[in-house]
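As structure tokens, here come the structures.
What follows is subunit A paired twice: with subunit B in the first complex and subunit C in the second.
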Partner chain A sequence: MQSVIGSLVSVFTGVFALGEADLITIGINMIMGLSMFLPMTVGQLSFGQAGFMSIGAHIAVVLTLYAGVSFPIALLAAGLGSGGVGFLVGVPVLRLRGLLLALVTFAFAQVVEVFFLNFKPTGAAEGIRGIFPYTNLWYVFGFLVLLVAFLARLRRSRMGRAFEAVKLDETAAEAMGINVTRAKLTAFSAGAFVAGVGGGLYAHHAVFIQYDNFDFKRGVDIAMYMVLGGMDVLYGPLLGAFVITYLSTALQFLANWRWEVWGSIVILVMIFRPQGILGRDTLDIRRWREVVTGTPQRSVP
Partner chain B sequence: MLGGGYALVAIGYTLIFGVLNLLHLAHGEVAMIGSYVGLTLVLVAMSQVGVLPLWVVLIVAMVGAGVVGIVVELVAFRPLGRRQLHITPLITTIAVAFVLQEAAVKLFGSEQRSFPVAMFDALKKYDLQLGAFRITYVQMFIIAASIVLMVGLYFFVEKTAMGRAMRACAENTQTARLLGVNVHWITIWTFGIASALAGAAGVLIGLAYNITPLMGGNLGLKGLTIMLFGGSGNIVGAMVAALILGMIETMSVAYLVPAWKDGFAFGILILILLYKPTGLFGSRLQIEAGR
Partner chain C sequence: MKRSLVFLSCALVVALVVPALAHAFGDEIVVGFLVPLTKKGASYGVQSRAATEVAVEEINAAGGIAGRKLRMITKDTEGDNALAIQLARGLIDKDQVLAAHGPQWSAEAEAVFPICERSKILCFSPTSTKPGVSAPYSWAFRNTVDENVLVPQTLKWVKENYPWVKKAAILTDVKDAYSKSLGHDTFRPRLKQFEIEVVEDVDYLTGDTDFSAHITKIKAKNPDMIAVGGTWVETANMMKEAQKQDLRVLWVGGVGMGNARIVENAGLASEGAVHNATYDKDATTEMNQSYVKRLLAKVPNETPHWPAANCYDAMKMLAQAIKQANVANTPKTLDADRKKVRDALATIKDFPALTSADGKITIVDIVGGKHAGDAIKKGTLIQVQNGKFVPVGEGKAVALKLR
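On to the complex of A and B.
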């Protein structure tokens, strides 16, 4: 009993003892969560972010390792390459919606995995070793801050409002003169770009990559960051990535029962908060007043 | 022969997707549990009474998997309520898939298992010898069982009152409810029947190959591809598509580079979704799943 309480306490105190490597992992996962959040801003569910991450990682590694390109430029190239693939994939794929889009993007990620399993120049099944450990806190959180600033600005911008309209009702958005296809493609390719940069950062942190670093499990993890954290607001995936990455190491003492506990947490969150832990209503003061006083305080529109 | 097992998984998918508009991503894992139930029964019976007839094993595994399926529905689908987004049940069923996998590792061990050789030996006396070919009893059983189950299901869905209620739910849940169909009850039965079929598939595939806790992912994926290939909600389509894919797979092992095999299946999946989202034989429902 004592030890259980002790380990529970250490779950909370451990936050202050995070090392650089942990923070980098958390930062990269936050970036990946946001890369899935971007297509979600137009209401599109992309399950293929692990595939884009893989593409970005391989591009960046080939550039720094074999072509001697400097790290920031390699990251940019990784983002652009992966974003370009995202654009090409997006053109046919974005005709589908909802579950079918999720399925087809998931299948795309699997195809990418099989591709790198067989692609000789990047070591095929053996993967690439001896990657330079360029990634540090500055790169990761520098990019993350840029990304968050961009997304925060996006919501208030013309394009962001167009995205929001597409998310709520495509037909109505189209009727108002918004180019729905372009909005979807932009958001989808931007998500692929971010995932590519995230992949580049990941590769230069892990120093060893292999096709199965970006498999089905990775895809599910990325989806969990967004779904559990909250898919309506940009700080949702940030919280999700932090909580999930941190807890998966902090809950080591559960060892054998990790997946069971984990599955129950996911199902419970989905039952009570289908939009994720954080949502539009989290920062809504009126709602909290309702919760505290128990009286509805709806203003007349 | 492979086709039969895959078809049963695919038909379960089609039932759940058709009636409930839900992708049940733990369906392959339910099949995996079914094959372990069958295996355990055979092993226990061997030590107590002797070799059981295969159909008893099949029925027990179907009941076991059906119960697991209903539990999945009650735990991971029912409590979500009706205001869910389409991603919510997707995530909860993935969580269930991981839990089932982990539970199977704990209960049955993570190593590869197969049905005992002694059982196959005991059944050898029923083998058929046709000239140069030898058809084993187990092979005949696999084919016969999958045909009987598929035909039975077809008649169940087309001819019985409950089948009609299921089709009504697939068409339009709201209207079905208005017409006095108990949608909750139908949901439970749909999960139960689909999972029982998956359990049967698990046993049949276990008889032909091996059983591992990880077999569910692969099975689920094959079932999903076949369902889309045959047209979602279309039971006959799923049967034909399963036979075609079973043959393609056997041939692709012979003629394609094995390392690309999985990519091949996913490639087909992508092409179907993009160019023929209603499947080869037409979809029986609107598959505009998004909202």
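On to the complex of A and C.
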């Protein structure tokens, strides 16, 4: 089993010229993309994922570095701590909708950043160094596989359908007897949990963290994974995270023109696919036959 | 239309996926260069890259390293730690570079140095200034000097020329690790050592523009000088505010004050301000004149700054180390070669350089039985006189009369 995975990975990395460090970063960014996708399943746009990532990173580091806790338990604690904060923040915040929610979560990320800037036990402005390099491919992709399996099942579950209903129309969902507040709070806290674990993985990969590793810029990057890849299906953020992370190393040879190329790619995608590269229709075979043969297929009633 | 779009995206994927070219050993010596060219730090990085290119061109024009050509692989870190790690690993494992020149920021250095330690390759950061970053890693070196060496030199000069300085206030940028350590860990104890009483200690944040409250608080204590643990951008605003409130003091800063634009921004308010710099862009030495000429041919509209000069010196030192190490430069001997280069750099002494007042840099490997990895340089005191940066002290211009 391990050798099969190993050979598949080596084919993949050979084609894309990726090293272990690239794969780990891609994996962590995929996890962060999914942490943003979770609140999106109930239609909530959260820009606070960098803040939750920061909380998770700091919790995990304090546990492994100062308390000698084993890495998986520290990751779990990072997720739970961050998820707990997500729950507390979510109670008042989730009454807001759309742009207002985005602004409040954005402000939350700022609060977290300034907190760790002034919090002496975690080094304040100097950050923490000497973190153990525990993160490896197995931790990152093990968690990612679990997460994808969970999300894939969620869509077909009772809870997943409730999320879907809330996303499409809150009022109608409430009329159908769905507890809208609970659905939103669950999805938001779950997103914070995932971001916390992602933060823990990041910290033990970067082996140095300071408050501004989790700033506004990272928040925007995480949002871009989902916006570019597709926000309707869970494979969207995965593709987005891969493309964006890969491009920042693959386009190095273009030097300063990299950002022009990158910006053009985003604009093209937004023009032709406003819902992101991947959508509900991507796996629809009938639509693909239309594209390839050029003849419209009659839809079966 | 749609079909062409599919074709286009396929072509794009293929173009991006072309694997990196294999690295040529033998006649070519390859070093990696990590520098932020976009996003955070681009304003420094672009000139730093030009300066390093000047160094590489000069080395190759002079016959390369023992007959071999020096090639540099430049990677843009965007000032991002995770990307710096990815790129450093790529340089070490895929490009199989002999040594790494960089990274530039202290935060990037914190993330990349442990990788160099594990991969056993020399990482030589030209500009990281946060204290003690290279100390835990025996493969990490920096071409920068501890402010604890420079500040006493500055204060000694202050005491000699301005004996009326008895009381001081400290303004510290607590958002930036280098500035915070300069204000809290260097100025605080050193001022006491020179019998200057610290009467007020105020903190601010990078990016602050309104210093009216800070200056009002300081003015109440009526100090003779203000020591700034911070960089020139905010310092210029403080100076303007002090002028507005009619607070006349001697301003003293660290390496971070070393940008001539402080005079443009603060105008007359910056008159008399003094800081210690390791690079003097107007130095009349032949080495500096030819460097500035070649640098400005690449970046015409810029004023030469110290990080770029540090990069130039660091590349020259690295080339010297590779020459001394007498590397075999084959894939088989890569590990041994990397070790030789590291050991050769550790022994560099009195290297002729731009970024030291006496033109000599010494790399310190071991201090008191422990690895340090920093450089020993001599600073030049720079004072703002009549709206210009003027080198003062030790046979240079005399101090401005302030009182």
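Methods note: the second predicted complex is superposed on the first by the 275 of 301 C-alpha atoms of A that agree within 3 Å, B and C clash if a C-alpha of one lies under 4 Å from a C-alpha of the other, contacts with A are read in each partner's own complex, and residues count from 1 in each chain.
Simple rule for what comes next: contacts are C-beta pairs under 8 Å (C-beta built on N, C-alpha and C of every residue); 3 or more make two chains touch, one makes a residue touch a chain.
Just so it is clear, the structure is predicted and the values come from calculations on it, not from any experiment.
> Contact-wise, after the overlay, does A:V11 reach subunit B, subunit C, both or neither (first, second, both, neither)?
neither
> First (subunit B), second (subunit C), both or neither: which does A:I267 touch?
In the superposed model, A:I267 contacts subunit B only, not subunit C.
> Return first, second, both or neither, reflecting whether A:V148 touches subunit B, subunit C, both chains, or no partner chain.
After superposition on chain A, A:V148 lies in contact with neither partner.
> Report for A:R129: first if it touches subunit B alone, second if subunit C alone, otherwise both or neither.
In the superposition, A:R129 touches subunit C alone.
> Name the contact category of A:L80: first (subunit B only), second (subunit C only), both, or neither.
neither
> Which partner chains sit in contact with A:W259 here, subunit B, subunit C, both or neither? Use first/second/both/neither.
both
> After superposition on the shared chain, which partner residues are touched by A:L117: those of subunit B (first), subunit C (second), both, or neither?
In the superposition, A:L117 touches subunit B and subunit C alike.
> So subunit A touches subunit B in one structure and subunit C in the other; where do those two contact lists coincide?
117-118, 256, 259
> Using the touch rule from the top, collect the residues of subunit C that touch subunit A in their complex.
2-3, 5-6, 16-17, 19-20, 37-40, 74-76, 78, 81-83, 85-90, 93-94, 107, 110-111, 114, 118, 130, 136, 174-177, 180-181
> Across the complex, what residues on subunit A touch subunit C?
Of all residues in subunit A, those touching subunit C are 14-17, 19-22, 25, 28, 117-118, 124-127, 129-130, 133, 202, 205-208, 210, 212-213, 217, 246-252, 255-256, 258-259, 272, 291-292, 294.
> Mind listing the subunit A positions that touch subunit B in their complex?
Against subunit B, subunit A makes touches at 45, 92-93, 95-104, 107-108, 110-111, 114-115, 117-118, 216, 220, 223-224, 227, 231, 256, 259-260, 262-264, 266-267, 270-271, 274-275.
> Touching residues of subunit B toward subunit A in the complex: what are they?
Contact set of subunit B toward subunit A: 23, 75-76, 79-81, 83-88, 90-92, 94-96, 98-99, 101-103, 106, 217, 224, 228, 257, 259-260, 262-263, 266-267, 269-270, 273-274, 277, 287-291.
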